[in-house]
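So that you can tell them apart, the chains are marked A, B, C and D in the order they are listed, and the count of residues begins at 1 in each.
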Amino acid sequence: MTSSTASSAARFSGVVPPVATPLNTDGTVDHGSLARLVDHLIDAGCTGLFALGSTGETAYFTETQRVEIARTIVETTAGRVPIIAGAIELTAGRIIETARALTAVGVDAIVTTAPLYTLNSPAEIAAHFRTIAAAIDVPLWAYDVPVRVHTKLSLALLMELAAEGVIAGVKDSSGDDVGFRRLLAANEAAGHPLQLLTGHEMVVDAMLLAGADGVVPGFANVEAEGYVRLWDAATRGDWDAARTEQERINALFEVVFQPTGLSGDATGVGAFKAAMVARGIIDHAVMAPGVEALDDAAVEKIRAILDAHDLLPA
Amino acid sequence: MTSSTASSAARFSGVVPPVATPLNTDGTVDHGSLARLVDHLIDAGCTGLFALGSTGETAYFTETQRVEIARTIVETTAGRVPIIAGAIELTAGRIIETARALTAVGVDAIVTTAPLYTLNSPAEIAAHFRTIAAAIDVPLWAYDVPVRVHTKLSLALLMELAAEGVIAGVKDSSGDDVGFRRLLAANEAAGHPLQLLTGHEMVVDAMLLAGADGVVPGFANVEAEGYVRLWDAATRGDWDAARTEQERINALFEVVFQPTGLSGDATGVGAFKAAMVARGIIDHAVMAPGVEALDDAAVEKIRAILDAHDLLPA
Amino acid sequence: MTSSTASSAARFSGVVPPVATPLNTDGTVDHGSLARLVDHLIDAGCTGLFALGSTGETAYFTETQRVEIARTIVETTAGRVPIIAGAIELTAGRIIETARALTAVGVDAIVTTAPLYTLNSPAEIAAHFRTIAAAIDVPLWAYDVPVRVHTKLSLALLMELAAEGVIAGVKDSSGDDVGFRRLLAANEAAGHPLQLLTGHEMVVDAMLLAGADGVVPGFANVEAEGYVRLWDAATRGDWDAARTEQERINALFEVVFQPTGLSGDATGVGAFKAAMVARGIIDHAVMAPGVEALDDAAVEKIRAILDAHDLLPA
Amino acid sequence: MTSSTASSAARFSGVVPPVATPLNTDGTVDHGSLARLVDHLIDAGCTGLFALGSTGETAYFTETQRVEIARTIVETTAGRVPIIAGAIELTAGRIIETARALTAVGVDAIVTTAPLYTLNSPAEIAAHFRTIAAAIDVPLWAYDVPVRVHTKLSLALLMELAAEGVIAGVKDSSGDDVGFRRLLAANEAAGHPLQLLTGHEMVVDAMLLAGADGVVPGFANVEAEGYVRLWDAATRGDWDAARTEQERINALFEVVFQPTGLSGDATGVGAFKAAMVARGIIDHAVMAPGVEALDDAAVEKIRAILDAHDLLPA
């Protein structure tokens, strides 16, 4: 389908957090905590949910697990906000299988990356997105995350796919602020065919000033209200308030820099999960299979940061 | 299982080509051509087969397609040589599912890489291989291909996994000749727990001189006899003959440098498939879904190189 | 010397453009054009000058040429604004020689990078800056430009050098907006020992909102008034005006994306020089020795962009 | 000048070690040790010397120091073998100044890399080598070391410069064994215009089998006799003897993997210098300014490796 036929509900904007995946101590999905987390996010004012993204540790789950995670998110959300789900797989044929399984349980849009493992040209990557879009019944988004995919989606590629109606939006975690600014300008000049969300959660005030349509903040799993306030301040043009809120969030975001000696996945999501447990949002800080746990010292530092901001329960 | 319990049939050595995947013009697997290809390889003297590797375009196929490809290779081989199959997926849980599906149709060993898409530490990568090895009934090999995986498997990691019996061998496509030489020496010092195959098919004479146990040559899909002669020369210590054969092969290998302006996957496998069609080994040079085809000029140059070496049918 | 003894004149902030180096058709420095350029920049309201940076093509000049370029900039400036000069060389001993030659002609501060060509640890890079700072009589700045140096200066390293008084500021061209935001916060928490200038000239509004002390905009060589207006708007907290000005500048900045098929150095500085000639600021668009010239088609596109913004002389 | 006019003395082949630079405890050049080292290398049968390369820590020295180092090497050599010297600097104009200073003291050839710090196209890099070759009176070599220069010199570029007589040889430290093999074949097909030396000192047997003209082994500073024996074995076609010698050397080469936690420059050259002191070849293991020293534990491990091979003085 093309973006022009997408329901307005799927025009994601504002605060669209990537939903973490709480697990039980035996490694199974903790559906109770997951439902509580979804309510926490929606109650705080988030305007959409991003299921099965990197923060959701989607790469570590089997197809069966992915579907059950999506189902709980869809059922708990119950239509209150739209849901976009990651279909992270190697290539188009496999992505389509995953995307269909996820849309079957009711997600409103699909987001995917350039192919993984393969060595493709820009023309092949464009064809990849076209093939997927033609095979699914919901809007397709492009996820630009070179640190994981090792390919940068170019401005020309994204605007070409936008003009064709192949993609409805971009989640940008490219680490290329100049590239994102040029994308914002080109999108505006083309009549805003794309919704453009930034994943750079420490510079959201700046990216909203620059014209981003919203943010996908992993830290919202720990505290969503701040990003909602930031978004509201930006929407009313109060940039000093937006910056003040961003700086408060950034001081909190230092939780992710407390663990040392661990992998990128263990550190980032691990810090979020530890903070979520400390706040009582989820029950266990269990990581996806194969990802190392934080040690007690790191958890204690994380609790101290939350405490200093009055974010621990009484 | 551990390598010590692996059947001797699975101690891969010598010439173990990665089997290409011939397709029909409608994109389905051309089982007739695939069977002919398997016979071509075994008849020429290859001592093992590597199914569903990068040359086999495995990343582009669905699970269903992968299983039917493996089945045809297994059935055509009929036990004449051992078969190792790639289980190329994101993370351990998903790899195990693929590996079990492949071993169920009869492959003798599984080879896989470090996780894809994720951001892991060496300790997490070691755990990844341990988890997979514990869950399958055939020997596990490590595939070191940083150009695709964006992670280099370190000497320390590989030797640790070897000492534990987690991996039975390594297919090295790392592009790090010094690292491979150190691995050969460390493996020898440890009593040769690993079989070490090089994927650097233009320097096989040199790698065999250095002590490699064999080679995984993509070009064998086009002409396997050369690599068998090279291996035989090296086995009897006739290094001048090995070099002469390598240089003949390398002149032929220039087929992969004829296409211009295409992706890495289109160029390498595309050149092999064009040459295989020219030689009558397979029926069509159709590429995996999403990969661009060679143009006529490139195909003509490839034919000319084969012709100059008397490799075209009369 | 330490930053605490730096004259207030050398507390660079606001708009501090990197001065391009106009050349004659025989490749010698065009001192007349260079003097006109310096006046253009200062008259427009720039608050400092960055001599011999990447935009100044400093890497392509011999020591003799560097000194004569610095001398013309110093003499033309005549104390109206402070001047910071790049001492871009391989390692500390060589950098000190260059820095002393430049301070001898009167520049107010020196900026340099981590070592080039060598393979150093963070501790060695810290020692590198300490050695240089101890050997020169003006404040030292760190220049973080990984695309050229292939080393990222870490937050910990920069704050350590700041605490010791080794560096007085940082020119950030790291392409890491999150890292820069954390540096801004850490610097503020430490009492603002560093002046922090961004080189990301397409997102200056955003970086000033985030707290940057100023900008080093190459495009100011073509039109400096816009950046001065942007800085003034930001200073008075009018972020909508700042964004509007940034967007006007960004539309103009597209000049650097007009050339195709050339190197990074040929494209960026080449576009600036072509635009400067079109505007009558310098006489020739001659590039540093070894850098290719733009073709006529690119120059024409650049002129058209300027013309559309009424930036060509009547 | 062109390679066709180069004296036969400058057709470097065989064992051409990069000469380390011994320093006194006050950081000045230890000319006595340097002279002893040169004699050690020539007496062992080395067929040329590579002055002021990476192993010679050339990047850390000022122009004055470089000239005095070259002078001692030239005077001690006294014409017994030809000397090629590195002119490692940012760009052509600066390289020419360095090259002329070095040829003035009598080196027989100059080797340099692609430009540093700059962002150049292949055409600009070709022009860079042409400009330098035209400005000096001795043969020019290309040094391909992407780990330091962050640019790979392509096969097409090198063969184009060879055909024009711009370069007389290549010192390959590219880490790309397949690329080097293709270069060897292309050079042979073109009539061997280039001398091709490998810097991969752990795989010299393999590279000589593949056709390399010689080797630039850093470890020869510690023990040169092994590489001479290896070269002699290869020359007479005794590849088993060549491999045996290579494996003996590689066991010794493990000295460079003993230091931990230090930079690449500290580790490699540091291990060589520690071993040279242990063997009595030089007086001090002082590193170039800014490079950290090995700790006692690393030095002790290095001594133990030498001792196990009977390489310590009685």
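Criterion: contacts are C-beta pairs under 8 Å (C-beta built on N, C-alpha and C of every residue); 3 or more make two chains touch, one makes a residue touch a chain.
Because the structure is predicted, anything quoted here is derived from the model rather than measured.
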Legend entry - Centroid comparison with chain A (C-alpha atoms), farthest chain: D
Legend entry - Gap in Å, rounded to a whole number, between the CA centres of chain D and chain C: 36
Legend entry - Chain centre separation in whole Å, for chain C relative to chain B (CA means): 50
Inset, instruction - Any chance you could list the residues of chain A touching two or more other chains? - result: none
Legend entry - Chain-chain contacts as defined at top: A-B, A-C, B-D, C-D
Legend entry - Parts of chain B lying in touch with chain A, wherever the complex brings them together: 59-63, 65, 88-94, 97, 115-121, 123-124, 127-128, 131, 147-150, 262-266, 289-292
Inset, instruction - Over in the complex, which chain A residues touch chain C? Could you list them? - result: 175-178, 181-182, 185, 200, 202-203, 205-207, 209-210, 237, 239-240, 243, 246-247, 250-251
